[in-house]
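In the two complexes that follow, chain A is the common piece, with chain B as its partner first and chain C second.
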Partner chain A sequence: MAKRRIAYYLMTIPALVLFFAFHTFPAIKGIYYSFTNWDGFSKTFDFVGFKNYANIFKDENVLNSYLFTFKYAIVVTILINVLSLLIALGLNAKIKFKNFFRGVYFLPNILSVLIVGFIFNYIFANVLPIFGEKIGSAFLSDNILGSENWAWIGIVIVGVWQGIAFNTILYLAGLQTISKDLYEASSLDGASRWREFWSITFPLLASFFTINMVLAMKGALMVFDQIVALTGGGPGRATQSISLLIYTGGFQGGEFAYQSANAVIYFIVIIVISALQLKFLQKREMDM
Partner chain B sequence: MMKMKKAIMPVLAGVLAMSMLSGCGSKSDGGASGDAVKIEFFQNKTEAKATFDKLIAKFNSANPNIKVTQVNPPDAETVLKTRVAKKQIPDVIGIGATDTYSTLSKSGLFEDFSSDPLTKNIQPAYLDMLKAQTGLSELNGIPFSTNANGVIYNKAMFKEMGLTVPTTWDEFMATAQKIKDAGKVPFYLTLKDSWTTLIPFNGMEPGVVGIDFFKQRKEGTVTFKDKFREVADKQLQLLSFGQKDMFGKGYNDGNVAFAKGQSVMYLQGVWAIPEIQKANPSIELGVFPFPATNDPSKNKLVSGVDTLLTVSKSSGHKAEAKKFIDFLLQSDNAKQYITEQKAFPAVQGVTQDDPSVADLKPAFEKGDLVDFADHYIPGAMKVDTIIQGFLQKKDVDAYLNSLDTEWDKVANRK
Partner chain C sequence: MMRKSTNWTITTLIALGSLLILFPLYLTVSIALKNPEEMARSIFALPTGLHFENFANAIAATDFFTAFKNSALVTIISVLFILLTNSMVSYAIARNMNKKFFKGLYFYFISAMFIPFQIIMLPVVNQTTTFHMNNIVGLIILYVVYGLAFNVFVYVGYIRSIPFELEEAATVDGATTWGTFWRIIFPLLAPINATIGILSCLSSWNDFLLPLVLLGDPESYTLPLVQYVFQGQFSTDFNLAFASYLLALLPMVIVYLFAQKWIINGITQGAIK
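What follows is the complex of A and B.
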């Protein structure tokens, strides 16, 4: 027994040490710096107490980035879940070239976000406008990433296009756990396809729905790479997400401590949202 | 938690890069050259690496007891900051006169050159610029090469349309109007890349308002609201001469489009010229200073320090480090550098003779130079973002207001 316990310790402790050294310790240091006025490289810095935190709440740019990020995250989460569930249903059906399609739909997940971003950047800048001119649409003949009102849609498109792949795989795995007997029984009872989906498929996918909602939401709240590749946060501050604000302000603007405070607050916000989502959705799982 | 990780990643990457650098350093310490003094030369321009290598080889063979090695990492400013945080500062540093330079100078990391004989042959305008930028009484760097920002124009098209180089704002606008009337695009604007909005801003600010403004703003005696209305109006006026979809195009699009003759003028710095020539090697182009006002004597050429050389206070070999700087400043070496790099010299008596920048020569000879205005604005303000937002909304009052509130906010966080 004791021997086996040693083996378990040997498995966990190295991971724990690495996790602490490269994850927990930097996070704690970040919290520490958020109470100082360090700019990221000076030899000396002072403690300023909660001044950074007080300033965050007075900063319109922070509010603006929260509004953008939440607008983006909610739209992306809904779109990803609806679309990937539809795709998963299709890929789970008896269709030709099923494996080929599964491969195609998974492809975006293995491409780097930055590369996808640059490709879409090219499409928005050069391909869509030509198409827009052909069909005579004034709206489509301009690069939508250059418009203050519509640039965020471009980022949503890229985020959804790439995000769907992973969630589709999870839904597909979920669909395969549902026993075929249930569908046979329901077809004997004469249930319609629609009825079948809402009474059998969807309830039995509940736990996959929960995890997909949480993962998609968390991913969307931390949106960063797509924005760097597509708009750099512009035009103006129209597509500046919280992560991007923390990065640009902290590393380019020399306000490391101030943006650390922003990061700490955001960390708490993400924990609260994930916890609420889990609580609400798991309760729903129980009810079903 | 993930958020933290994201914020910490670049730091980790920097630390890794640093440990790799120091690894290289210690290896060469045990090298064959015996008791030669090792000097590490850190510089930020990837384009200039080969040129510096040639100059270093020349220096090393002339000085067998000194061995200079060049370090030129990608994202050099961030690497430099992390090395400073680790207290492993290179002996000789070559960087631009950027916000990084001012902040590091203010933390007292560099030697004071104010009474150093090395400055004897340097254009005084650039020495003053460096001092004004940091606001210190010390001079913490020696200007080596400089750049300029203005209006690039297509000489062949100018000739064809019978246009001359404008020297006042009214002439400038009349020229643009003529081009527009002829059915061509006066300016190819690349507003998707926010930093390019700074070029006309920097071009206008010194003539219309003056660089002194920023000092007074710090003291709180003036506001953007009082002084910047004319700049704002002129910024908007330029938009009416841009191409279609100007908010959707970036710097690279602009270089290619101008090279292919899609616009007659292009608001950019001289650093874009090699890129433009790459897209169209046969283009005939010129550059003129930005005609910001109707008084030609006020329309100075915006030119900043592209590379300055400085020595770390903590270096153990300051005499050798200064010897290397002195070598780079010698006129034949400076000449080689600016010829290969298409830059402008900060060293007196050296000239840039490339025909594409011939129009700028009088300004350099007379010393009619003025610094980039955005170097005086705190980086955390992200003034390029503010300008980009303004050009979309076109609301002058909101723009001037946000310049003032952002300035105060950043100052208050210090």
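What follows is the complex of A and C.
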């Protein structure tokens, strides 16, 4: 029996050691550096206490990146969930070529985000303007990625185009867990489709709704690849996300310690948002 | 009564929606096959002559086969290690959840689900460079570690639904804990291994950020990273660029075409469990 117990402990060692060495330890080091003024290359550095943290709250670039990231994340999360739920409902209905369409809608999920971004970069620069000129829209005739006010919409479009795929499959899985009998009963009662959706389908999808909202939000808050491929954070700093700011400042800007402090704050923000989301959405699940 | 006949309104809407998904991909394929004169005539039209030389040029310019080999190596080895190590530690946890150590370990691992990579990115790169692990080996180890949180969560849930009796019978027959795991439990994990294998495969193959910050030697660059590096040189030659994008996307698309049902079912399975 003792041998069995030892075997169980041994089984955890490789994962535990690797996880500590490459996850927990760097995380602790990151917090440690956030209290220093290290630039990332110098041999020496000093402790500066909470100075980095104090400066971050006064830094316009940081504020700007938080505003952009939140704006992006909220819009993308809502669009992805509304659209993927609609698509999942459509795919779950009595339609022709169901498997083919399901395959098409899931396809974006298997593609590299960066390369999809490059493809859309070309579309925004060279294809949409042709449409714009044809329909006589001055707005569409210019590359929207070049506009400080509208570049973020381009990133939203790419994020949604690709993000829908995974959530659609999850919603579809959820819809397939709902028993057909429930619908039969409700149509005998003469319930309208609209009624049926809000009183049967949506409540029974509650746990899928929760997980999809959390997943979409977390993914969107970390947005990086699309931005590198589409705008590089520009024009100016109009589309610089938090991830991109940590990357460019930390690796190229000599702000290793400063961006470490930014990362710690970002981490706290993500934890708070995830916890709030889970709490709020799970409470909703209970109520329904 | 159930609505049995085909709903054509919804079929039409779904078909129109799928055009939005397919249009960028159609453009990719058709631009990759055109030459600049055809592009000047119309971006949208089907290619008239098939300019496969675009692909040959892209392969030569980006050293495609080296990048392909790197991507394939990283993906296959990391998925293999993820399946073997993550399921093993999850088994130990799932069967000892009544003990403080294992329960603590479980929450220690899954709490990492809420820690985005960007948070530890700076120190990790620093650390791997110090240990001379800023290469493919380091990349594989990091993929195995960073999948752990989500995978342990999924595996533990699944293993706990497998009844104890099978293992007890094996123990009576004198099997060790290791033997029980490899011969009895691991085969039973096949459906969930499929789910985790597919998701890990997609995320390793398509990942851009980790190779970007980690890999030092251009010889070790993966496919997405190569597209990024060459983007500047492509800028004027769209046909070359799109041929290169298409080559980088194609391996996974081909896998998807053949294993589409299996991939989608694998993910669906994981979602319902």
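Heads up, the rule we're going with is that the second predicted complex is superposed on the first by the 275 of 288 C-alpha atoms of A that agree within 3 Å, B and C clash if a C-alpha of one lies under 4 Å from a C-alpha of the other, contacts with A are read in each partner's own complex, and residues count from 1 in each chain.
One rule holds for everything that comes next: contacts are C-beta pairs under 8 Å (C-beta built on N, C-alpha and C of every residue); 3 or more make two chains touch, one makes a residue touch a chain.
Quick caveat, the model's predicted, so the values are computed rather than measured.
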First, second, both or neither for A:236, with chain B first and chain C second: first
Which superposed partner A:247 touches (first chain B, second chain C, both, neither): both
First, second, both or neither for A:263, with chain B first and chain C second: both
Partner chain(s) touched by A:39 [first = chain B, second = chain C, both, neither]: first
First (chain B), second (chain C), both or neither touched by A:27: both
Touched partner set for A:143, first chain B, second chain C, both or neither: first
Which superposed partner A:222 touches (first chain B, second chain C, both, neither): both
More chain A residues in contact - chain B or chain C: C
Partner chain(s) touched by A:49 [first = chain B, second = chain C, both, neither]: neither
Touching both chain B and chain C, residues of chain A: 22-23, 26-27, 30, 40, 218, 222, 224, 243, 246-247, 250-251, 259-260, 263, 266-267, 270
Chain A contact footprint on chain C (complex, rising order): 1-7, 10-11, 13-15, 17-18, 20-22, 24-25, 27-28, 31, 43-44, 85-86, 88-89, 91-93, 95-96, 101-102, 105, 108-109, 112, 114-127, 141-142, 144-146, 148, 171, 176-178, 181, 202, 205-206, 208-209, 213, 223-224, 227-228, 231, 238, 241-242, 245, 248-249, 252-253, 255-256, 260-261, 263-264, 267-268, 271-272
Complex contact set, residues of chain B against chain A: 1-8, 10-12, 78, 81-82, 84-85, 99, 103-104, 107, 191-194, 244-250, 253, 378-382, 385-386, 388-393, 409-410, 412-414
Residue numbers on chain A that touch chain B, as the complex places them: 22-23, 26-27, 30, 37, 39-43, 51-52, 55, 58-59, 124-125, 129, 141-148, 218, 222, 224, 231-238, 240, 243, 246-255, 258-260, 263, 266-267, 270
Residues of chain A touching chain C in the complex: 3-4, 7-9, 11-12, 14-16, 18-19, 22-23, 25-27, 29-30, 33, 40, 87, 90-91, 93-97, 99, 101-116, 118-120, 122-123, 126-127, 130, 161, 166, 169-170, 172-174, 176-177, 180, 183-184, 187, 208, 211, 218, 221-222, 224-225, 228-229, 242-243, 246-247, 250-251, 256, 259-260, 263-264, 266-267, 270-271, 274
